[in-house]
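Note that the chains are named A, B, C, D, E and F in the order they appear, and that numbering of residues resets to 1 at the start of each chain.
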Amino acid sequence: MADPLKGKKRGLFVGRFNPIHLGHVEAIKRILKEVDELIIVVGSAQHSHEIDHPFTAGERITMLRLALEEVGIDPSIYMIIPVPDVDAHTTWVSLVIAHTPRFDKVYSNEALTRRLFKEAGFPVESIPLYKREIYSATEVRRRMLEGEDWKELVPRSVAEYIESIDGVGRLKDLTKSDKPSQGSNPRIR
Amino acid sequence: MADPLKGKKRGLFVGRFNPIHLGHVEAIKRILKEVDELIIVVGSAQHSHEIDHPFTAGERITMLRLALEEVGIDPSIYMIIPVPDVDAHTTWVSLVIAHTPRFDKVYSNEALTRRLFKEAGFPVESIPLYKREIYSATEVRRRMLEGEDWKELVPRSVAEYIESIDGVGRLKDLTKSDKPSQGSNPRIR
Amino acid sequence: MADPLKGKKRGLFVGRFNPIHLGHVEAIKRILKEVDELIIVVGSAQHSHEIDHPFTAGERITMLRLALEEVGIDPSIYMIIPVPDVDAHTTWVSLVIAHTPRFDKVYSNEALTRRLFKEAGFPVESIPLYKREIYSATEVRRRMLEGEDWKELVPRSVAEYIESIDGVGRLKDLTKSDKPSQGSNPRIR
Amino acid sequence: MADPLKGKKRGLFVGRFNPIHLGHVEAIKRILKEVDELIIVVGSAQHSHEIDHPFTAGERITMLRLALEEVGIDPSIYMIIPVPDVDAHTTWVSLVIAHTPRFDKVYSNEALTRRLFKEAGFPVESIPLYKREIYSATEVRRRMLEGEDWKELVPRSVAEYIESIDGVGRLKDLTKSDKPSQGSNPRIR
Amino acid sequence: MADPLKGKKRGLFVGRFNPIHLGHVEAIKRILKEVDELIIVVGSAQHSHEIDHPFTAGERITMLRLALEEVGIDPSIYMIIPVPDVDAHTTWVSLVIAHTPRFDKVYSNEALTRRLFKEAGFPVESIPLYKREIYSATEVRRRMLEGEDWKELVPRSVAEYIESIDGVGRLKDLTKSDKPSQGSNPRIR
Amino acid sequence: MADPLKGKKRGLFVGRFNPIHLGHVEAIKRILKEVDELIIVVGSAQHSHEIDHPFTAGERITMLRLALEEVGIDPSIYMIIPVPDVDAHTTWVSLVIAHTPRFDKVYSNEALTRRLFKEAGFPVESIPLYKREIYSATEVRRRMLEGEDWKELVPRSVAEYIESIDGVGRLKDLTKSDKPSQGSNPRIR
């Protein structure tokens, strides 16, 4: 019986994409030169409406689809899969494995992600980063909050989408969290 | 078929009440001029014995009952309902809805609470705050820890109750958390 | 410092109230002859839209308020508090304790509830049941499903409320769960 | 500001796909005649290695991709998103919403799924079923266990994939669960 | 750098031990002939006060210690480690790994346990069972409930311990669960 | 019926042991002069691969066994039991009780642990600390990261074990967490 995937090489790329920016897009294009298919894991899937995680998993998936469509990447060669955070890092690796098709290699520059997958026996490779001091989600959110030009850091379709859902307004509201009031701050654990 | 609630207007007020203070009481009195019934949600219900959350949900419910009885608010026009925190803010809204009778309006000054309920389609209104620089739970806990007069900030019955459960002693113990010892610090996630 | 609760005797009564019926009302009236205040715990608070748990915690709280108002029980002498189920029975007892004001006695006819609170050191007492073969939530739901007269088993205001939220329609839908279809059956764990 | 999705109609189809069969494929083809894009939710995503849920979410995603590729459905018009079960049905709906791009309509024949999305305000439509007495995952698993021809019920590529991961062997092992032994039966809650 | 464990062979044996019986003891003795050290995992650790799981993890650990002491097994060559159940079987394996010292081989007769560890790459071996039709925890509990002689199936010290905690009384109470009453049945999910 | 534990006094000692050091060993030796048996709870059991919690519960159990064997403590007089953190501190106490054999006294210097067990009715005692400014897990990890001599703070067998699993390398990787990259930081809640 033939393994229908035999011969194909599949990579795994984990990010949180809050929001996706041009650095992500460059990294994905680069990885796709090395693998036949790419699984893009949207991490921290249960989080949203937090200063560091303003967008829902659904919104982040939407942005990824728009961004990759914009640069003409064939949707048959990638998959986007949300995976929630869990308490235990080692359990998180088993959760990624259970939620994804078989993969051969992990692409990551993040030290913890790299170590967890290495300890689990996967080959792990770094991705040369594209202008990383500006192409980062942290920088995008900072510019959003300070009224600077964040749109140049993200694909045009992503910028339009963020505006259509009032993403900047949401992020600004999240920073106004007004602790000493009677209003509640529904704390994330 | 008649809706037995028809014609009544119900408000929702979310707080953590660690502990309840006179600013909370003023806010509740003010909202009760606008609605027929008020649901008071005790948020972060699963937390206690933390520096910012010293009291259990049961203790906070007890304080709310005492405080509202002290100012003569009719217990037939309000309900107190504890709701735990969850990982996902959007899920938290659905949890509040599932735990409470139908409500028409949300009262809150907290930016995140306001946005979450607005995105879920509820009308949200601000509450004019009463001397908010001193009437805040943070200020009450600060005075407790520094030996200043915290009792003037809370209803008299609440002050008595807090003393009966050695609330100040508990709060002081929580600040003594002695990390480098052999003793454990049973961390909240 | 006086304990503001000293001298008052508080009882705890645990039920799921899916839905509340006249047997519950009789039991509550009877317990209120023995205690000064009663905490009514709405158990399995996170469950709803299941055949044995059709109503949300919020709907069950609404029914309890309506039922006790209908028989003229003073709302200052009882409290209704939802508590979720958890995996571990012994942990569940600690959760009830954390969510409720101090109580002195537990009223229950249910063997497990009785044993758990006894092992935790609480006095537990039985409640003489009123026509229990017909006044049971199981019987109410059975009659709802088979088109028999269920309204005579519940307070009039509760019957009206259940009709206003199409409770019988929901229950009937829950029994139509159509497993072999493509539709999902979002299983409760 | 233009909504980049404006004008497109997106459907939601929820299933568990244990495994995907030709009835699923027909339903998806039919829905795709009515909507521009389809979100396929893989429900009960955390479950696997159970008699009714033998496959992991990742395996089920793999099968869906293979099946839809086999019938030539353009991968740019559908998305596959795993969503875990949670305790509370109403919370589950909010979880689906948070994990998915905006959708306009829900397709389901399952009574509970239909009611939950209707109560949440979504239009819900039935899907005419194709030979449903045989095209069902339950029937596929029954044939697998009894050594009958299950391959005729699923797409050819799915049959090959299931064989490549020894899916039938796994299912058979799951039925041999040997309770009175010393071996553990790691119970799912 | 020397691995301090090098050269030692460690086995893993998973059970629920509700309660431990002589068949368990025989199996452990037999495995200890093949390995240098044995990790005994007490599964379903969060469960207790259920008909199939009457004992807490702490009680089951106590019984294991008593039983192994009774037959003179050196406590330096085994470890007892409780591990809770989780939703996902594959995650459960990663949880076992994270809670235990490194092990080389898994001993189990339970089909699911065997498959899960095999899929995770561990060697798995069966244990010849000793009079398994009577030496089973199910049989012990059945005899407890029906007033038959259960003590002959467990080590003497375990029988004494069970009596000291009124284990039979608890089990009988658990069977009296009196659903149609007002008392709650705090359901385990 | 005799309680098989009667007459024995059992202590409880809670720590996180990230990693175990000579101060822990001294404390355990001291407590064992006062009690017949000691339960050592490995707290925060689900955490690992974090800067403050680098080691898995299984690794910490391994270290405890090695350390106590090194100083010749009889394994029949202590037990090591992992207990996870939970959201609610009061629930955590009930979890410890459910996971452990009956104990008579709690040994801890940590203010929160002391208060929680006191409020639950247990006698709690302090442990005179041995050179605590250097014998602390925080100090061990600091030295590991800064290349100083950490081995003198831990038992020799523990130092060897940590080297065999590349514990220092793991800890260093955890500090390199490279947030603004595309790599994910699988956040612990």
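Definition applied: a residue touches a chain if its C-beta (ideal position, glycine included) is under 8 Å from a C-beta of that chain, and two chains touch if they have at least 3 such contacts.
Since this is a predicted model, take the numbers as computed values, not measurements.
A.B. asks: In the touch network of chains, how many steps separate chain B from chain E on the shortest route?
C.D. replies: Step count on the best path from chain B to chain E: 2.
A.B. asks: I need the common contact partners of chain D and chain E, sorted by label.
C.D. replies: A, C
A.B. asks: When I count C-beta pairs in contact, which pair ends up with more: B-D or C-D?
C.D. replies: C-D
A.B. asks: Between copies chain B and chain F, what's the superposition rotation on C-alpha atoms, in steps of 5 degrees?
C.D. replies: Nearest-5 rotation angle for the superposition: 120 degrees.
A.B. asks: Whole-Å distance, chain A centre to chain D centre, using C-alpha means?
C.D. replies: Using C-alpha averages as centres, the distance is 24 Å.
A.B. asks: Once you find the CA centre of chain C and the CA centre of chain E, what distance in Å lies between them?
C.D. replies: Computed value for the inter-centroid distance: 35 Å.
A.B. asks: Report the inter-centroid distance (CA atoms only) between chain D and chain F in whole Å.
C.D. replies: Distance between chain centres: 44 Å.
A.B. asks: Going by the touch rule set out above, which residues of chain C reach two or more other chains?
C.D. replies: Chain C, residues with two or more chain partners: 46-48, 56, 84-85, 87-88, 90-91, 97-98, 188-189.
A.B. asks: What chain pairs are in touch here?
C.D. replies: A-B, A-D, A-E, A-F, B-C, B-D, B-F, C-D, C-E, C-F, D-E, E-F
A.B. asks: Name, in rising order, each residue of chain F that touches chain B in their complex.
C.D. replies: It is residues 13-16, 23-24, 27, 41, 43-44, 47, 85-92, 108-116, 127, 129, 132-133, 136-139, 188-189 of chain F that touch chain B.
A.B. asks: Touching residues of chain B toward chain C in the complex: what are they?
C.D. replies: Interface residues on chain B, with respect to chain C: 1-5, 45-46, 48, 56-59, 61-62, 65-66, 69, 74-76, 79-82, 84, 97-102, 157, 160-161, 163-164.
A.B. asks: Across the complex, what residues on chain A touch chain B?
C.D. replies: Chain A residues touching chain B: 46-50, 56, 84-85, 87, 170, 173-189.
A.B. asks: Spell out the residues on chain D that touch chain B in their complex, using ranges where they run on.
C.D. replies: Going through chain D, the ones touching chain B are 88, 90-91, 93-95, 97-98.
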